[in-house]
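Both complexes below contain chain A, partnered by chain B and then by chain C.
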Partner chain A sequence: MKAVGARLPRYDGIAHVTGRTVFVDDVRVPGSLWVKALRSPVHHADITGLDTSQAEAMKGVHAVVTWKDVPLLEYGHLSALGIPADEPLLAKDNVRYKGQPIAVVAAEDEETAIAAVEAIDLDLSEKPALFDVRKAFDADAPVIHQWGNWYPHFEAEMDRRQIRKGDIDRAFDDADVIVQGVYRPAAIEHVPLETQSCQVVPEANGRLTIYSCTQALYFSLGVVASHLQLPLNKLKVVGGTVGGGFGGKVDTATETMCCLLARKSGRPMRWRWTREEEFLYSSTRAPWHMEIADAVTKDGWILGRKMLTLHDSGAYARFSPYGLTKHSFHHTGAYTIPNLSFDGYVVFTNRVPTTAMRGFGVTSVSFATETHMSRVAEVLDIDPWELRLKNANRIGDTSPNGITYTDPSTVPVVKALAEGMGVELSADLRAMSRDLREGDLLPQHLVGQLGNPEDH
Partner chain B sequence: MAVHTGRGIAAIEYPTGMNQNGDPSQAWIKVKPDGRIDVFAGTSDIGNGSKTIQSQIVAETIGVPYDWITYDNSNTDSSPVCTGTFASRATFVAGNAVLKAAAKVREKILEIAGKELEIDPADLEIVDGEVVAKGAPQKKIGVPDVAAAATWGHGELITGAGAQLKPFATIVDPETGRVDLPPHSAISYAGCAADVEVDDETGVVTVKHLWQCYDVGRAINPTLVEGQIEGGAMQGLGLGVLENCYPYYPSVEHRGSQFGSYLAPGMEQMPTIDTIIIENPSADGPYGAKGIGEMANNAQPPAIASAVFDAVGVWVTELPITPEKVLRALEAKAEPRRAGKLVVFDEEISVNAVSDGGIRFEVPA
Partner chain C sequence: MNLSVNGVTHEIESGPLTTLLDVLREELAITSPKAGCEQGGCGACTVLVDGSPQRSCLTPVAAIDGAEITTVEGLGTPEGLSPMQAAFTHHYAAQCGFCTSGMIIAAHAYVEGGGTDAHEAIQEALGGHVCRCTGYVKIIAAVAAAARGDSFDLTVTAPSAGMVNLGGVT
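Let's look at the complex of A and B:
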């Protein structure tokens, strides 16, 4: 019996559909305390006073944790990629988005935890906020981030992600038509049924067991260990079965704060975000602003593309520089465009930080470039199937960053799609393949861009 | 006032594995005294089916039934590193790690079986839980007996470990973005066509039919691949016509904070979905597989936007395509500005219109 290629039953399917799978919220540890967060009530402010003494003195409150309790306050999630840290685990000097955590409390029951949060004395000096990425660069824009309003730490300390290929000016000179448009997909929620949650248990041997809904056990282990400055053998992350993630549970949202509370109080912690917290304060898919101009010929060749992307990162960088880089690598989509000029910025705004979500970085650029392809077809009055098949990437073509495609599949999937839905393509289009370009499919402007598939 | 129909298409690609690589996954496997297989990997299953896929890869590679596999990803004490379940990497990257571990286990089973049968291990193969001599199938020993012999007779543990890591691709020139290595494990491709209805009185866009074609390299489990593609289609439909955290973006007002005030797609929006799978094997994916989990929600929004234009002749390029946006676009009937060879759409939402000179989008002309 072959296992690969077989329609075998899902390993944990029966348990899921009969409600017997154990998710984090099903774990019950006697003596667990309730956790609640004091969150910023405003979009942007300096913190001028923070007094937790009243909350700490309340009956039933076992611990209050603020920035002072965090051994390493700022940790860069992608420091391995050279992306430095910018976000404190708990706000210290200022708050940059509504809902940003400032303090967490642990109490005997939910009511006491809520009352303790209300008993924290917080003084804020509110500041102007920035929400429109298009205005972030203006002289009169409020400066909202320690690095300025856009991320300045790409390689060679560049303040943007750049792609340059070929001769963009010549492509626009040679073009018959230049088609220009703007594309703005929205921020959306991950909408997991399981909200951000964790259970942390201080063990008799001094270790902390962290029941986590993380999508990345070792990633979360690393994040907690770094903030707490502990070796990995002091922590055990338990999980592996997630009640909906879609990218949002790459964030380590609750675990670190619960570990701090558990260490301070010696008690197990349980924190499950409310549905409202999940919708309003968990990170979202980013909204993007993209502008494209394509230099095209009357007969449907795309000679060049100029593109500007503003990636609305929200208040902190998190994974956004990574997402923008991935976005830039794919800004020609499933096609070959030999002349490129791409500029992308990670822009800070006073909204909830954005994070990974299914298709991270590329969902946006696929929407922009493919809608734009349809527009080009309409402007040129060319069949949209033909425009796509003609410009499709082929073996030997090169990517925006100079890698030779060895395994492109645009032509096969487009032809199979047409065939599957009963669309009759012309004989010319049906004859196309993904093979090395020749004849009519190797016009002069593509001759110079061919690479050697053996190189990669 | 009428309901108009339209069709739009899109073709997309998406990388497998983290962009620029450098994202390890590891696994180790041990064999119980009766031949049942314990797999330890750190890959979270977020509903993508990674427990199933990795178990299938192990069963296939060793040559034992699927239900002999116990898969444990429950904690960081027993399971080795997996960077995580994101970047469409679980099947390809983590799948390669369990494949390598399983290949070592298979080799060890053959070695012990060779001693038991007094046959060169190179002349043995494992078929459906039995080690058999190639060309002489009457000479055989069950994997359970091999495992027992290893445990009680040879004093050995049958085990194997595997790791997958593609080296980090460095951006060698930040001016051009050139990299020194392919910055991904594989690239997957898909096409999508959307048939929509647009009511020009209410502005409502109804997605009636999604046709989708994916090159998955190799469908390790066709049912799970179809599940990814159909589930992704619904998420793409949400992106296209329903969902928005900030209904009046960039304003932060009017955020929905409950299921009743945030429009996620439900079964009532489910269109007819036709899925076409093609298998153009990846050179180095496990059994030729490529990752397609994430891209499954990328092709629908542009196909839907193009279909809306086909139906009613307006481009709505700010997602989602809500009734309000459709009605406003129908009322404005905006035409692109044409100047020489320039055809310029959407000027009112460009940085050139909104920024006070801080940033410009200049087109060489």
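Let's look at the complex of A and C:
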């Protein structure tokens, strides 16, 4: 434990302050071509015509790649886990969000690449777009996806993430008060200062070297290899230096398309998204729609919770089923509620696809549950600190997905928060511990609900 | 056109309306100024032009023909850090590092211009620089330390009085 409390040099600190750190776009490869993308100018449309011949004939243009050039068009980050993919690398028959890539070009310089993109002939038949998850289930809503408007491939052939625990009807029958709330945090753009970027070098031995700003090097390796149908040993990914990611760089945004262009033209590729592309077309944190109804007693016990979550996935699923699953496991927050009924849907809209961001799926539900705890305290006219400590996770309590807590931190954290904020807790609250609920301290609604921490 | 960059004179071949950022990065391969937004919003491309911090992404090279340019590579070396580079290192004021070049250039100019360790004045001086890792507290601490003329022993590995011991939470 020599490191704890010691001043340790950052391995990259001196390089950062002297300008020596080599970020992806700082790599200098002679003969590199600039890459630009033709993106959908509309939110939702069928592609009725795509002609790249004029762009391909332009002086200084070395390659144009469309869906026809992709050996495996649809592949997702979760494909390896048996979760079907839904997103083509490049749009084929339709576009489902504004900014979706349709073709990529490689040219001698940035200006020529931009001109080549403008020379591609694209015909679209625009369709009504859907932006509000609450309308996705309406009979007359625009249908976005081959799967309809929500992701249908959870376990046991369910079209949602579902949790059932305890006896929810009894909890609501026994309640003194039902407290309801709706919570809708908005989408958030990650805004890394380093925009999505990569460089790809076709090597003499047939391999491709990929300089990538990915946060998840092995994800990117697998995704590129799958789309290109190449064995992993044909790809060398150089990563590890990320100019800010915050979750958004788990997506493989640029690498695969640059590899296809490099193979088609035999030249090194360089693609750096503009700030405008980053803001408008890179993935965001998802907006969420969460409805909570709690069955509570006058003295501040939460007997049961019903919750409906609509996870706005944007146009494609990407990691969203995983994010929603984490969300569902955390939907009681840091508190123990024995009777639960949770239904969560990954809903498609014509927004940019959403992805991981700091606490994927959990920050949204934490916002909702903590705000709701304060609302419950207000309705009951009870001290919010008392409500939180009373219902706090304790040793032996069980999570929504049935895990027995052996090391829960709610009680010490809430007490430390009170101390840090200068809030004086009553002697009763100060005496609360995270120990197993026993004897008089075991409330009636938790009788028979505890797990055995010794089993874990 | 000519530019002196970190003490070395270069004849510039890029066109007159090429941005200073592109001249440095693409023609001269000096890559510490970053293309963060290319519209003057983030500050990551900031360099010294005749001693004053400027957005290189908004500066056509023809407008500064003959100028002396300093980038963070020209302030100090890994073996001989400038006071501001040492302050950033000591205070862990770089996280991902992408904004760091511009931050250090602006902070260097602030202290060279007589800036003090007053936090509000430092915030004003760095107001055009975005750190998306949100490491502002450490950055301001570093600039204040450099403004005071603190000296740092960067080889120290003993526990620091400044570090918070969170203790055992039970």
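Following the convention adopted for this analysis, the second predicted complex is superposed on the first by the 447 of 456 C-alpha atoms of A that agree within 3 Å, B and C clash if a C-alpha of one lies under 4 Å from a C-alpha of the other, contacts with A are read in each partner's own complex, and residues count from 1 in each chain.
One rule holds in what follows: a residue touches a chain if its C-beta (ideal position, glycine included) is under 8 Å from a C-beta of that chain, and two chains touch if they have at least 3 such contacts.
The structure displayed is predicted, hence computed values, not measured ones.
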Which of chain B and chain C A:244 touches, first, second, both or neither: both
Which of chain B and chain C A:21 touches, first, second, both or neither: second
Which superposed partner A:383 touches (first chain B, second chain C, both, neither): neither
Partner chain in contact with A:10 - chain B first, chain C second, else both or neither: both
First, second, both or neither for A:167, with chain B first and chain C second: neither
Which of chain B and chain C A:374 touches, first, second, both or neither: first
A:291 touches, of chain B and chain C: first, second, both or neither? first
Touched partner set for A:275, first chain B, second chain C, both or neither: both
First, second, both or neither for A:108, with chain B first and chain C second: neither
Which partner, chain B or chain C, touches more chain A residues: B
Touching both chain C and chain B, counted on chain A across the two superposed complexes: 5-10, 12-13, 191, 242, 244-246, 275, 409, 412-413, 416
In the complex with chain A, residue positions of chain C that touch it: 25, 29, 31-32, 34-39, 41-42, 44, 71-73, 75-78, 81, 85, 88-89, 92, 94, 96-101, 104, 130-133, 154, 156-160, 163, 165, 169-170
Residues of chain A defined as touching chain C within the complex: 5-10, 12-23, 25-26, 28, 190-195, 242-246, 272, 274-275, 409, 412-413, 416
